[in-house]
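Please go over the structures that come below.
Two complexes, one shared chain (chain A), two partners (chain B, chain C).
So, the complex of A and B:
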């Protein structure tokens, strides 16, 4: 353990290492409200012109509000689906014995470690065959399947910590397995459900490669595609605009993190007791 | 509330056995439990007593043998259809529900109408004196109240049998004694057939009509408390039941005399010659003034005053002997004292642990 009196030294060290990141955010903030920025020094006029994307379409891109709605649908859809499906899977893995259970558990671990990018082409074919290419639903399904292994493992830990006796009591009281799952087990692992839900939402909110690969038309763009379209197009990158959009993109994620951090903490500390 | 409300079921186990893979958790077991009786399953942990209880509850499926309630086989009956109430060691209350909702849970699953449900929950809560805390959650009430709530939840269905799995072992000593007599009173009032799983021999002796002693998945003896205490079928039962436990000395019988290290006593002529263990309860030993009347002379190592009696711990060449006596004859620690075993209370156990009938 660190002795209390060595804390100030460590604090200074941590602040020094954090400064570059902080400078990044300061630059983002300054450049979004100014025409031109030299380093950290504003060189142009203050104004909201970089934020014009809020009330008009920039270039040939879709409205930011469509993009916002798409991203919310995408992240929310992934989050809800991952929570519900992996909760059922985690309960089964934690509580029921079925053939191939340990094999299944091992497989989940392997899948979790598997780089999703290497499955892009296979996923593309699956989506095309299903007629879900270039649709939000299609990307939601792909993203969900990539996020599920983690969700199952985390929630299995939460279900494992529930007492068997409670389940036996419910069984004797006349509850079916399905009912025990919904009425007893699910409420008791709700901190875990929130944690997995919020975590998945945040990851999906920031996800780029899947939407970028599987979505083509502007009406289904998500934020990360929108941002990407602003750099490396045929036009020169407008850094002021880029900064403003970036900040706007961050806001929901920051809000979700702010309200959800106490659930995220339970995710790392494992189980729950009522 | 004085006449029995529920008719208790009679239970018959025939060759009931349970294996977990290669592990033989319960060897084939035959046991008959009468209607309205409280039977204790007693034994150390891992002896098969809880396994037997869960088999009766239907939570485990039997590997072999049958279970009958009132003569009808129930092997394939779902736990909820067996009409049983169950209380667990951890109480297994649902932490996210109030005590009221906990007790109401089995009734809600049975779709009992709202007004009836309320009346039945209130009645069960009254019986167990937790009416005032019904709105609280399990985490907000004492261990004793949780235990009562668990009992109320088990009884609210008006089951034909009550299964209690170590229901008292998480309680403080004082509350435990109170809960003991309360459960017994309630059980007799309701006339409900009950099985109590416990590792505490005092609890079993105090509460049960009959006690089944288990060891290593095997039923050793099934008898009323007095018989179990006076004539244990086995050296294990002899030492497990009773506190302080029975003294056992390994030695051998020859010519009507039992000899062990430092110990010599005349025994009934009917006892077979050869090696065995001599058993004597601590309360059947007293201090005598001279060596020639004594069974054994030994040094007093520890003396515990228990109020009315003294518990004397004396060193033997191998192990020790414990005596429980009201008259310590002015002996003090370090003295050599002379102990006499009451000749009519001696018991002999064969090499395999079986008691030899006098």
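So, the complex of A and C:
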């Protein structure tokens, strides 16, 4: 739709700025299958020894499968909680009239814009008081609070665009609002639920600060902590092992991304309006 | 709620008669969200305020005492404060320019491509966002390491740790690449919603590409651009994970230390083994206040009241 005469120049610019990113991921791939990589030149033997973390524990770290399970529980838990909690609140805001509604919507928008990380120190105390420090449930709840405002705001848009006829018919037939919400409204907004769920899953899957700060014991480690424990001194780090663990860590996220791409694009176009 | 009762409730609520029952149903739907807001926003905000007035640290854990505004005085009087404030403004400002500018350029240039080629570029720019910060930072660190390991050292023939040699360049580029993808996605969606006719009309009128970008695309994208700018300003102000992983505020003393990282380190990391929760909370309090003020301004700018249409369906 827009082809300037300087088009080749722009294309070259785009390629130049994109190549470093590509090089980064090529390095990651190479270094996971080779003993030593100098720059982008493999300098050692090819092999799977960097992938040994799959069948044995590295150092005194927990097994990778425990870590994988924890990360799945964390990201999945956050995703499901955010979707359910946000959908309920979004439905109320979209379909019910109650005193303080505009106050609540304003609050959600402020919370969405508000940098929640700045409350980290105090969240530590809240978790300790609730007895949830160093537990997956604790980090799931804190992460849910980070993602929920966006979830409510996006899902409100999806509920707003539903036509009212079906719900009206069900109401006339004597169904309760609670039942209508679960049986009629929720299935109709499922693209929105998927979009929010997938987006939340991806963000939670990569989250570093929360697990790193609030999880201590090895049995509840997630991937971020596992990787971070391998870095220590950067010049001394085993890049091959790191690359392999890093790739392994990325696989589920990339798979979820490919599966969810079409939902995500609808979310972004909806999100840009609000 | 039984059916006949619900029906009478609805009737009552419509006439504004029965206040209590018009609360019950919304309260049920809102309860989980409200509990989370109370526990993880209001609670911590109050706790931050309280902690910031105590001398709570690893040493005084069992018996903290109230110190009033001492922590605030300390923060304002610290000899590092001006430097860190400058660092924070520099970091947020320059990264923001890179984020938004690059996001815009990417969106416009990629929109001119076929979807097939465009998707490849979009995916490559999205990868950093779905890669864990830990791997993403390690990746850059490896490329910028000394010879023979680092690609950049190999390429330039100058063996050095490029992150340490150019700490700010590295911090800003590495954050900027991640941030640009948000702008790219939102701007792409916005460009796609511009009617094709406008481009044709501009072409018929003999507009150059630059004129089309300046007179057609940019004015129509005012809101998305403002949204991304406002949103990114706040996220950058509070985000520190990439800096923590890349330079940890170094090299040396506070070279790339920003406000949020400073607060985090006071409260959770300490070289002398004494973490200062109270002091960290006072530093965080500055961020909390900045965040609240900025988000209120942001709502004003985005004309929140316009977004707040009455619910379409007023049945209760």
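As a convention for this text, the second predicted complex is superposed on the first by the 252 of 274 C-alpha atoms of A that agree within 3 Å, B and C clash if a C-alpha of one lies under 4 Å from a C-alpha of the other, contacts with A are read in each partner's own complex, and residues count from 1 in each chain.
The working rule: a contact is a pair of C-beta atoms (placed from the backbone, for glycine too) under 8 Å apart; a residue touches a chain by one contact, two chains touch by 3 or more.
Given the structure is predicted, the values throughout are model-derived calculations rather than measurements.
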**OP:** Could you look at A:119 and tell me whether it touches chain B, chain C, both or neither (first, second, both, neither)?
**Re:** second
**OP:** Pick one for A:205: touches chain B only (first), chain C only (second), both, or neither.
**Re:** second
Subject >> Partner chain(s) touched by A:50 [first = chain B, second = chain C, both, neither] >> reply: neither
Original post:
In the superposed arrangement, which partner chain does A:165 touch: chain B (first), chain C (second), both, or neither?
Top reply: first
**OP:** Using the superposition described at the top, determine whether chain B or chain C touches more residues of chain A.
**Re:** C
**OP:** Considering only the touch criterion stated at the top, classify A:174 as touching first (chain B), second (chain C), both, or neither.
**Re:** both
**OP:** Once the structures are superposed on A, label A:79 by its partner contacts, choosing first (chain B), second (chain C), both or neither.
**Re:** neither
Original post:
Does the superposition put A:187 against chain B (first), chain C (second), both, or neither?
Top reply: first
Original post:
If you lay the two complexes on top of each other, which residues of chain A touch chain B in one and chain C in the other?
Top reply: 171, 174-175, 274
Original post:
For chain A, which residues are in contact with chain B within the complex?
Top reply: 163, 165-166, 168-175, 179, 184, 187-188, 273-274
**OP:** Please give the residue numbers of chain C that touch chain A in the complex, ascending.
**Re:** 1, 3, 6, 13, 19, 22-23, 25-30, 32-33, 36-37, 39-41, 43-48, 51, 102, 105-106, 108-112, 121, 124-128, 130-135, 138-143, 145-151, 153-155, 161, 177, 185-186, 189-190, 192-193, 196, 199, 208-210, 212-213, 224, 227, 230-231, 234-235, 237-241, 244-245, 260, 263-264, 267-268, 277, 280-281, 284, 287-288, 291-292, 294-296, 298-299, 304, 307-308, 310-316
**OP:** Provide the residue numbers of chain A that touch chain C in the complex, in ascending order.
**Re:** 1-7, 10-11, 13-14, 17-18, 20-25, 27-28, 31, 37-41, 43, 84-86, 88-89, 91-99, 101-102, 104-107, 109-111, 113-126, 130, 141-142, 144-145, 148, 152, 160, 164, 167, 171, 174-178, 181, 202, 205-206, 208-209, 213, 223-224, 227-228, 231, 234-235, 237, 239, 242, 246, 249-250, 253-254, 257, 265, 268-269, 271-272, 274
Subject >> Residues of chain B that touch chain A when the two form their complex >> reply: 54, 57, 59, 79-80, 84-86, 88-90, 92-96, 105-106, 109-110, 137-139, 153, 157, 165
